[in-house]
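Labels A, B and C are assigned to the chains in the order they are written; within every chain, residues are numbered from 1.
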Amino acid sequence: MRDTVMDILTENPVEAAPLLEARGLRFSAGGQDLIHGIDVGVEPGKRTLVMGANGSGKSLLLRLLHGLLTPAAGQVLWRGHAPDRAARRAQAMVFQRPVMLRRSVLANLNFALKVHGLAGRARAERAQEALEMARLTDLATHPARVLSGGEQQRLAVARALVCEPELLFLDEPTSSLDPASTQMIEDLVNAAHARGVTIVMVTHDMGQARRMGDEVIFLHSGRVAERGPLDRVLGAPRSEAARAWTQGRLYTAKPD
Amino acid sequence: MFRRHLLSLALGATLALGTTAAQAQDEFIVVQSTTSTQNSGLFDHILPMFEDKTGIEVRVVAVGTGQAIKNAANGDGDVLFVHAKPAEEKFVAEGHGVSRADVMYNDFVIVGPPSDPAGVAGMSDVVAALTRIAEAEAPFASRGDDSGTNKAELRLWKEAGIDAQAASGGWYRETGSGMGATLNTGTAMDAYIMTDRATWIAFGNKGDYQIAVEGDPKMFNQYGIILVNPEKHDNVKAEAGQAFIDWVLSDEGQAAIAGYKVDGQQLFFPNAGS
Amino acid sequence: MFSFGDIMTEALGLILTWDRDLSEIVLLSLRVTLTAVAIACLIGLPLGAVVGAFRFRGRGAVTVLLNALMGLPPVVVGLFVYLMLSNAGPLGILGLLYTPSAMIIAQTILVTPIVAALTKQVVEDLHGEYAEQFASFGLTARERVAALLWDARYSLLTVALAGFGRAVAEVGAVLIVGGNINHVTRVMTTTIALETSKGNLELALALGVLLLVLAVIVNALVMALRASAVRAAYA
């Protein structure tokens, strides 16, 4: 199925339709409008970064795109259609604080595979591969919740990737990790990207952005302030919000 | 997987329990009776004789007479074996029972603390004794549970012309529980208590209490036995129930009752057919 | 005067001179209570998990009801089951009154709300932590409930023990629906009530001590099981 899609994409060099698209997304909570009508598209095979100051709505946008939150208005389209169960299963997400099931490392991986309908030898093999990839083989039988923060996040990434999603969301996955752990997470994500997985990641870290980004969606106060190729947005920002951010200034102006 | 096992285990257990009950259905009868016969040990003495002879198991539900009659009227039992003659006759008259027969009697006594605040120790006229207790407003613990003993006690108060229940909460204290519980409560508050002699002799928590009033024929306590009406409740095992009644009323059954002694004292006096 | 030394001697004597009648009573107590707790868990665990993990209309009402039912007096449950199973009642035809099955039914009704209400609390807390991850996995409702119950299994053991404690200690319900029939429906608590009414207070209290010992043994076994399993899979 995925191969066919990739084939079609390669056969049609026309700038491909977005894999995921948001149209007029609005979201509010507690009587406050937090996302004010966002239109964005995520291109297949690209690494799109969602950036912006604290409270600009990055995590909310990610959750709206992934379908964890229901928008007050507007819609999210997967390959041009309303997302169904198959769409959900073609996506995965890694959270800022990894959510570990109260089971062993291996059982965490098996759980995700089982949900995707894998069983028996196929499941065992996939789980082993994921363990090796995340360098967790020696910890396979350990309870997931006794792992270090870095190991837990590696397991979370491996668990998200083990079902071979087409699109992987990451919400500041390395914000509480040391440089070595951060490096390993980035390697895992980049390797997945090299295998064709589309990446959408929230990050605050300029260095990480330069290492990991193709495209940037820059948010300010629940609106898209600017979007485009990473080098351009971070190198020569056009919006005041992005410019202030790259210069380390606080920018508080409320648009309109 | 694990949970499926648990499910079948639990269902299996429930079914197994149900089947045991169903299989044993024809081999036992349920007798609704009173705490006095049970607690005194009479049933433990006579029932094995009947069971050995007939192979019919007798299951005794020992509650207050009031509750026993209610249960039997619901058809929850095959035989009613209690001691409250007017209520029993009403039970038969209403069609719940086939007929009533006298089985045996024992007698009630009034027990009291050694201090004897009403000065009734040694009396044999129960009506006079109750009058004195009321005049002295000495504590009196009543079961207050509509049991056979309670009914007998209320009849005696009435005969003495005293509205004891008007003093309820004062010197007249209604425990609302069985004979044993009332004895436990009453002895703890130095109250006079009317009890059947059988329960008193077998009672293990007498403390320094003694029998104060005894020997008045008005305190005779007649037990009756009734087959629950199978025409009203078709689950009643009329044949087995009647076999038990016949045995209890037979010479053999009556001798068994007379033969039951605690500390050398005979507790129940058979009087079937008299 | 009572001496607690005498009572302990009596309790020890009971255990040392352990006879068939006593085994019968103890085993029936365990059989009735453990079966009731097992059935209550089969009903209460999924029920509590559903109420704990999902938002639906009437959820608040269900929660209040479950919490209120936790306080049901055993006597009331006994009366209710008696009226159901009585030959004059709607289920009299089953012939279950005055059998261990009737006692199991009554205790199941007593314990299920406890299991459900406590499960709801445990699962609700866990679900708060898991909700986004589960939504991301795209779990079905059934997968969600199963995963929550499995991951809460050690806390739920304590829930089951709370149910066991309530059931093994109650006398009001089993006395009414079981009838305390010797060799048929006599259990530890009804024996204690009977011996108390006979004025055999030392014996009654000694039986109480024995009941406590049993409860301690069951709790210790479950906790040992839990501890070894926790070491294997949980932090």
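Here is the rule we go by: a residue touches a chain if its C-beta (ideal position, glycine included) is under 8 Å from a C-beta of that chain, and two chains touch if they have at least 3 such contacts.
From a predicted model like this one, the values you see are computed outputs, not experimental measurements.
J.: Report the chain ID whose CA centroid sits closest to the centroid of the full protein CA set.
T.: Here the chain at the core of the arrangement is C.
J.: Report the pair of chains linked by the most C-beta pairs in contact.
T.: If you count contacting C-beta pairs, the leading pair is B-C.
J.: Considering only mean CA positions as chain centres, point out the chain farthest from subunit A.
T.: Between subunit A and every other chain, the largest centroid distance is to B.
J.: Once you find the CA centre of subunit A and the CA centre of subunit C, what distance in Å lies between them?
T.: From the centre of subunit A to the centre of subunit C is 47 Å.
J.: Can you work out the whole-Å distance between the CA centroids of subunit B and subunit C?
T.: Once rounded, the distance between the two centres reads 32 Å.
J.: How far is the middle of subunit A from the middle of subunit B, if each middle is the mean of its Cα atoms, in Å?
T.: Computed value for the inter-centroid distance: 78 Å.
J.: Can you name the residues of subunit A that touch subunit C in the complex?
T.: Against subunit C, subunit A makes touches at 63, 66-68, 85, 88-89, 91-93, 95, 99, 101-104, 107, 111-112, 115, 143-146.
J.: Within their complex, state which residues of subunit C touch subunit B.
T.: 31, 35, 38-39, 41-42, 86-89, 92, 94-101, 104, 179-182, 184, 194, 196-201, 203
J.: Per the contact definition, I'd like the list of subunit B residues that touch subunit C in the complex.
T.: My answer: residues 3, 6-7, 9-10, 13-14, 17-18, 20-22, 25, 30, 35, 38-39, 44, 59-62, 71, 73-76, 178-181, 183-184, 202-206, 233, 235.
J.: Which residues, counting only subunit C, touch subunit A once they are in their complex?
T.: Residue list for subunit C touching subunit A: 129-130, 132-133, 135-139, 143, 147, 150-152, 232-235.
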